[in-house]
Amino acid sequence: MPLTGEEIAKHNSRESCWVIVHGKAYDVTEFLPEHPGGPKIILKYAGKDATEEYEPIHPPDTLDKFLDHSKHLGEVDMSTVEKEEKEESAEEIERQERIKRMPILEQCYNLMDFEAVARNVMKKTAWAYYSSGADDEITMRENHSAFHKIWFRPRILVDVEKIDFTTTMLGTKCDIPFYVTATALGKLGHHEGEVLLTRAAKKHNVVQMIPTLASCSFDEIMDAAEGDQVQWMQLYVNKDREITKKIVQHAEKRGCKGLFITVDAPQLGRREKDMRSKFTDTGSNVQAGSQTDNSQGAARAISSFIDPSLSWKDIPWFQSITKMPIILKGVQRVEDVIRAIEVGVQGVVLSNHGGRQLDFARSGIEVLAEVMPVLRERGWENRIEIFVDGGVRRATDIIKALCLGAKGVGIGRPFLYSMSAYGQPGVDRAMQLLKDEMEMGMRLIGCSSIDQLNPTLVDTRGLSMHTISVPSDTLGLSVYDPLISPKEKAKL
Amino acid sequence: MPLTGEEIAKHNSRESCWVIVHGKAYDVTEFLPEHPGGPKIILKYAGKDATEEYEPIHPPDTLDKFLDHSKHLGEVDMSTVEKEEKEESAEEIERQERIKRMPILEQCYNLMDFEAVARNVMKKTAWAYYSSGADDEITMRENHSAFHKIWFRPRILVDVEKIDFTTTMLGTKCDIPFYVTATALGKLGHHEGEVLLTRAAKKHNVVQMIPTLASCSFDEIMDAAEGDQVQWMQLYVNKDREITKKIVQHAEKRGCKGLFITVDAPQLGRREKDMRSKFTDTGSNVQAGSQTDNSQGAARAISSFIDPSLSWKDIPWFQSITKMPIILKGVQRVEDVIRAIEVGVQGVVLSNHGGRQLDFARSGIEVLAEVMPVLRERGWENRIEIFVDGGVRRATDIIKALCLGAKGVGIGRPFLYSMSAYGQPGVDRAMQLLKDEMEMGMRLIGCSSIDQLNPTLVDTRGLSMHTISVPSDTLGLSVYDPLISPKEKAKL
Amino acid sequence: MPLTGEEIAKHNSRESCWVIVHGKAYDVTEFLPEHPGGPKIILKYAGKDATEEYEPIHPPDTLDKFLDHSKHLGEVDMSTVEKEEKEESAEEIERQERIKRMPILEQCYNLMDFEAVARNVMKKTAWAYYSSGADDEITMRENHSAFHKIWFRPRILVDVEKIDFTTTMLGTKCDIPFYVTATALGKLGHHEGEVLLTRAAKKHNVVQMIPTLASCSFDEIMDAAEGDQVQWMQLYVNKDREITKKIVQHAEKRGCKGLFITVDAPQLGRREKDMRSKFTDTGSNVQAGSQTDNSQGAARAISSFIDPSLSWKDIPWFQSITKMPIILKGVQRVEDVIRAIEVGVQGVVLSNHGGRQLDFARSGIEVLAEVMPVLRERGWENRIEIFVDGGVRRATDIIKALCLGAKGVGIGRPFLYSMSAYGQPGVDRAMQLLKDEMEMGMRLIGCSSIDQLNPTLVDTRGLSMHTISVPSDTLGLSVYDPLISPKEKAKL
Amino acid sequence: MPLTGEEIAKHNSRESCWVIVHGKAYDVTEFLPEHPGGPKIILKYAGKDATEEYEPIHPPDTLDKFLDHSKHLGEVDMSTVEKEEKEESAEEIERQERIKRMPILEQCYNLMDFEAVARNVMKKTAWAYYSSGADDEITMRENHSAFHKIWFRPRILVDVEKIDFTTTMLGTKCDIPFYVTATALGKLGHHEGEVLLTRAAKKHNVVQMIPTLASCSFDEIMDAAEGDQVQWMQLYVNKDREITKKIVQHAEKRGCKGLFITVDAPQLGRREKDMRSKFTDTGSNVQAGSQTDNSQGAARAISSFIDPSLSWKDIPWFQSITKMPIILKGVQRVEDVIRAIEVGVQGVVLSNHGGRQLDFARSGIEVLAEVMPVLRERGWENRIEIFVDGGVRRATDIIKALCLGAKGVGIGRPFLYSMSAYGQPGVDRAMQLLKDEMEMGMRLIGCSSIDQLNPTLVDTRGLSMHTISVPSDTLGLSVYDPLISPKEKAKL
């Protein structure tokens, strides 16, 4: 016999705290102090249906994995649960207004345009989670701005009638040298989540990297693939290596073609824009006081399993449990690229985690400009595949990375923004725009195929100084949402 | 018997689409899908008189060349054509107001001033076409900003009572070392179009380069020249070499003194400011939807004939069909200047097409600073004439280019702006201001003639870093019309 | 028999000027011309109770030390002193309003946030005193901005499960490599003054440096320490060396563990923001005129005892009078670090006095980058402990300093701001935030202990140019209170 | 018998044009086309009293020198001249309001403060003349900004109790190493003109350089000197060498101690801010049209006598006609300093004429950094006295120049601004502030006398790049009056 709303509503305190998720009740009283997101946010839903808040930030199998089965209280008769009349906030009403006045999709001419629209129409907390970076967001912004310090030295009078910018990454033929990189919590932006990106990747024949912290489950995302569509897996390594082993071998069995081990996130970053957005959300319930505030944003909440002790000596073990190519994601200096080659992994991603981890980490593209001359001097440039992510917004950015020696680039946020604003047609158009730009860019730089791209086509003299490049990046700067200082309380 | 308006008005659909241009009717039904500017814009005028929209962006001989003669339906009795009462838009009314309050011509003290005025009084679409650049318009702005990174090392105590800044380009004596470079669609800015520039060039004894994509026909522009006035020809190479040959040999026969082959535009650029301006124009008819939008601005519409396969091996053919000096327009690195000398052309223009093609291409003046030391080392500096265009706004810019080794500079947009704002008196004053500045600049740098200009007179140490130069370029920055993100729909 | 208010009120002129401080009367008539802060400010309180104005800017023992005992008139019967009904200024009323709307402490996520709040809620004159710097405040701002020109080269795949960032400075074990550096006049920001910082330092196990110009007396601050808490002493050297000797030997006897001799302040700086704030305060009484205005801000007022003749030849004398380690505070170039080693002091602080002394002095962190390679070349890097202060706002700043070779960093203003805005809980949170950031930063740079920090982990190529680093420092720039030109008088 | 106003009023046309100046009538009909300022401005006063407009921009002896005596019509009975009721413009009324609300003098804490006040209270045309520079005013602003790229490397622990910053320039002992450099048209800013600066220079024992284009006559300025006060003479060389000779020998006879020959102004600069200000002034009378506008600002009007043929071969002649030391003012590169030494002149001023001549000329301080190492290499550093002017606003700027090798610096505009805003007390305070800052600066850099200043005390690594220095120059940027594009006519 299912539980009733009335029954559950009694357990609405720290002493006894039940919540409903997807029509089932759970006793989380003992779990409260362990909740990575802090107890406050759960207590807000004590005795109530928490599904809407819970859904986008917990993959479907979370409760099975982390809450002892004795605490699974079973089905609830949802007709007996009181529907909360949520009064729409003034903020939400304004957002709905903005959604009505959204530009139509055809008005987006480049990837920054989607960001401008998304900023206007996304829920504030979702926007804060996607758009935030570490500390002062210096590295996050540097990622794109570094590309502005690289200039072209185009060739002329080359036959560019037929342009072929297909390429191969880790053995997979792709239509264009980018892949959809792993980003967490896709359902914050769109109710379908990551599977939407799977379908868009299929349409444009590019690879999708599946995130560990997806809103959809791993299998849902694999299932969404069609035909011979290729997917890779991004892995946060669990402290419990048995769990890790199970995950990796399951991925390989399901057909994953690459294992990208994240190595730049022993602890997930503090993102103050995200924290500030959270605060305002729940702040009204909080009495002024000095107790430490643990709510450090969404990702922190679900990442406590990550193993900060992961080290080079773990790599052979990974090589022993899978035949997938292993790629280290988040390498940030040439010394570590050399070591990666020495330990025999198949690739590295020069990345700073989208500027979400260590502020003042250099951009992947700058690290690439440091790495390749050293590898070429050793004759090692073909012993590993090098990818770059962070800040890619234009096909010219992709071309710059390939000129400098990258095999391909990862793109993340722009697809989240196009998905959040326009759903799958948005992602589709974003990818198509990159292809249009790519054709143009290849022609104008005087190359008809990817293998012709080479370092003499770029001028990187200004790259290492980290000074302002000029002219300014009009669109890029205007879509950046600046950090702010704490706000005063509203005037009464 | 001429056709009647009534008859034509029946053919107002995609199934049967007739339009009137300059008093003649044309059946463009089958041409619709081929129209480089997309079918939408034609359908707007289906069954109606399209002359006003058609005129500035199609040279007079377009219909003869591109529409089969069987579709030329003949004369229309224009008295039977219903005059559309065009309701003037609020925007247009405001523009007319701004025109009434225009500053008088004498208030323009420099070339930027014309741009400030033109931005205020030009039609939005015309402004968008002239003022736009590729992608983020970084290169477009860099063109002028690069000059700000070059500083003078003037000589003192040189007798500069008599200043002579006449010079010779490709054998032609000019009053001042600039020429009017080729820019498309002159009638967008002024109803007379390019012939107005011809007359101004005559008055100031400078060379005009005739654009392939002029609003006036080639012969109209040649006819407008007087006496021994010299003109050059800018050429987009047609896929059909016979057409190209006919054009080139006709130009030579008409007396053109130089053939400038554009080599930086195998495909015409995507200019988002122009696209965005177009969109708003016709957007009211468009239902929200996801179909691809092909209207990529005016120039794209009339440029599909350009041959992207043009390459170095075509150069001997050009040398075989004409005796005009051949100049490659759009060279962007020293390697290609060397090759140009080796294949025996007479000149190169270091140019990035006014920042309208490849964004992050370097400025012509920066490339010049790279090129000349290499040529001098080989003793090749006199084997070719080197021109620079892009961003020239002050006589000091001209002097900088000549100090670094250029033979002359091309100036484009400033004359379009002065023409659009004030007609021929505007262009006249713009040229006169440059001459006044030139006299002053020569005196103050301590040189009484062009041949005294040399590299020791400039300090280019800051040029290659692409960082912000200081102090800021007050006027230049204030007249730049920044890119914007897509706009929300108007509030109802 | 105590004096009465009535009696004192008679002495309200330049001819006879009595004031009350802490319930006692003083005849300051003859002292007026000698008052370092000028006579004006005293005359404002002639015949009245001056305690509130006097308190924060004079340590308790000032009157004993500087006013001849014959002028100490004895106890006042305070019940007979007329209470001035101070009309609250519009400005003060607005400030009280802002205090009511202060963000709660948990909304401060970083050290800049405290500054933003403090700027809003502090008294204008207190804010002006704490926040001001020399001349154009270029050096003051450079101090933080210099850190933005240093980028990380993090290591990956290092076991960072256990992070230990304790360290040792001058033999004292500290929880984290910063100390609370000496800053003057703590009671301007909080009525408890420096002892509040003593308690916070104890809680976080860091060292406090006691300022010569404290609002609390030296002994009050020593007394506030608990257990084995370590304190250092900052010394402005008195012209009268006997006084200096007494002070130093008293400090040693009381248990001070380090003597930091300030060497960058032979004369205390002119801080125009502070002067301008003072002016407006008392300006209403001033008739327009050309006499020199001596009120050069608070610190100037109490610093006339400082000896500008202090020189290297004084160092042996200091070494003869104390066994405390001697550290020179305010060293600014490598030549002087070398000399410091040669004369045998135990440490130097590379510092420019928080940008309050010589404008265009370089930042401590830049000087560090100059110093260490020279010391390493000589093998002298372990012969002295090197500290840095100025501009430290993030744990990443601390890590950068330690990578470059510093033993620890001093932090001053951020603790004043957190104290002024939130009292001790504010300072506590500020220190805790630094510890949280430190743990994160150590993990992300790939180091589990302080001794692993080394120069290969940072990229300082852009440091020496003093050009704008990009991306911009959003928070840092927004909390800076810009200098302004003199204001017009209010409109009547 | 004196002329009557009635009589004169008849001659109010181009055909017969009489004007009154200082109570005397002049027939300027034939002079109209020759007037360097154009005929328009004279015609405005045809038949009327022109004294007020004439006064500040013509030295007293102008009419005697330039108008044939037959055209001097003699005394006018001023009681018969109709007083024009000048309706005060809205602009002037607002200015008078701003004057009433002026900050009092004591609120000016630095030289920029005077500029901020002057901008508010000066007549628009006077402000435009003083504050304007050439073209984009890049060089004018670079002059101060260059100092911001030089940083200090101060010494510590030097006995700086007694500071002596007196020095000697061209044999004259000065209290502080600056001189009042020559600036034109002092009466535009203050009715007393240059003699006011003479008195201030006396008071502070600094040298004044007398400008050729002064509002006061040369003798008036010499007469204003007291005791052994030293003055120098700035010379624009007249085409008629006899006149030049007379002027120079007169100056020597009167006791001038230095002849500064301006070598950077063969033609006086075009200053668009000044031109634009003029335009608005007289624009109301002008019908729109295309005739060339000759009114190029005040200085141009009175400078047509300057000889552009002046060259190195004239120097021996100067040496033959005077025993005064000869100094070339406006030298801009090391090659010309070397030549100056070779021809045996006594000094050079590294200067770009306050940014009023050639835009993109480098700052004097940058040229100094180029010059001195070359001279030192040759052992020539003592063979000539080197001065710098342009952009000096702080004593730290003076110290930087002296560290790099200058003998002294010239300061111009700041004294004009302080004079215009506050009269002599303003100039007095400006000079006193510099002395106060100088004492502080010497102490803080660790030098007790001028001869201790040396290049190791400064860090100039960022100087040559011409990029933005950081942090920004808050006051300097806020007092700069930006150039603007032409304004629309006022709305009716």
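Going in written order, the chains are labelled A, B, C and D, and every chain counts its residues from 1.
What we mean here is this: a contact is a pair of C-beta atoms (placed from the backbone, for glycine too) under 8 Å apart; a residue touches a chain by one contact, two chains touch by 3 or more.
Just so it is clear, the structure is predicted and the values come from calculations on it, not from any experiment.
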Task: With chain centres defined as mean CA positions, report which chain is farthest from subunit A.
output: D
Message: Under the over-half criterion for shared residue numbers, do copies subunit A and subunit C use the same patch or different patches to meet?
response: different
Task: Let me have the rounded angstrom distance from the C-alpha centre of subunit A over to the C-alpha centre of subunit D, please.
output: 61
Query: At what distance in angstrom does the C-alpha mean of subunit B lie from that of subunit A?
result: 43
- prompt: Going by the touch rule set out above, which residues of subunit D reach two or more other chains?
  reply: 465, 467-469
Task: Please give the residue numbers of subunit D that touch subunit C in the complex, ascending.
output: 98, 100-110, 112-113, 116-117, 120, 148-161, 394, 396, 400, 425, 428-429, 432, 436-437, 439-441, 443-445, 456, 459, 461-462, 465, 467-471, 473-476, 478-479
Query: In the complex formed with subunit B, which residues of subunit D make contact?
result: 135-138, 141-142, 145, 263-264, 266-267, 269-270, 272, 275-276, 279, 283, 286, 288-293, 307-312, 314-315, 328, 330-333, 335-336, 357-362, 464-469, 482-491
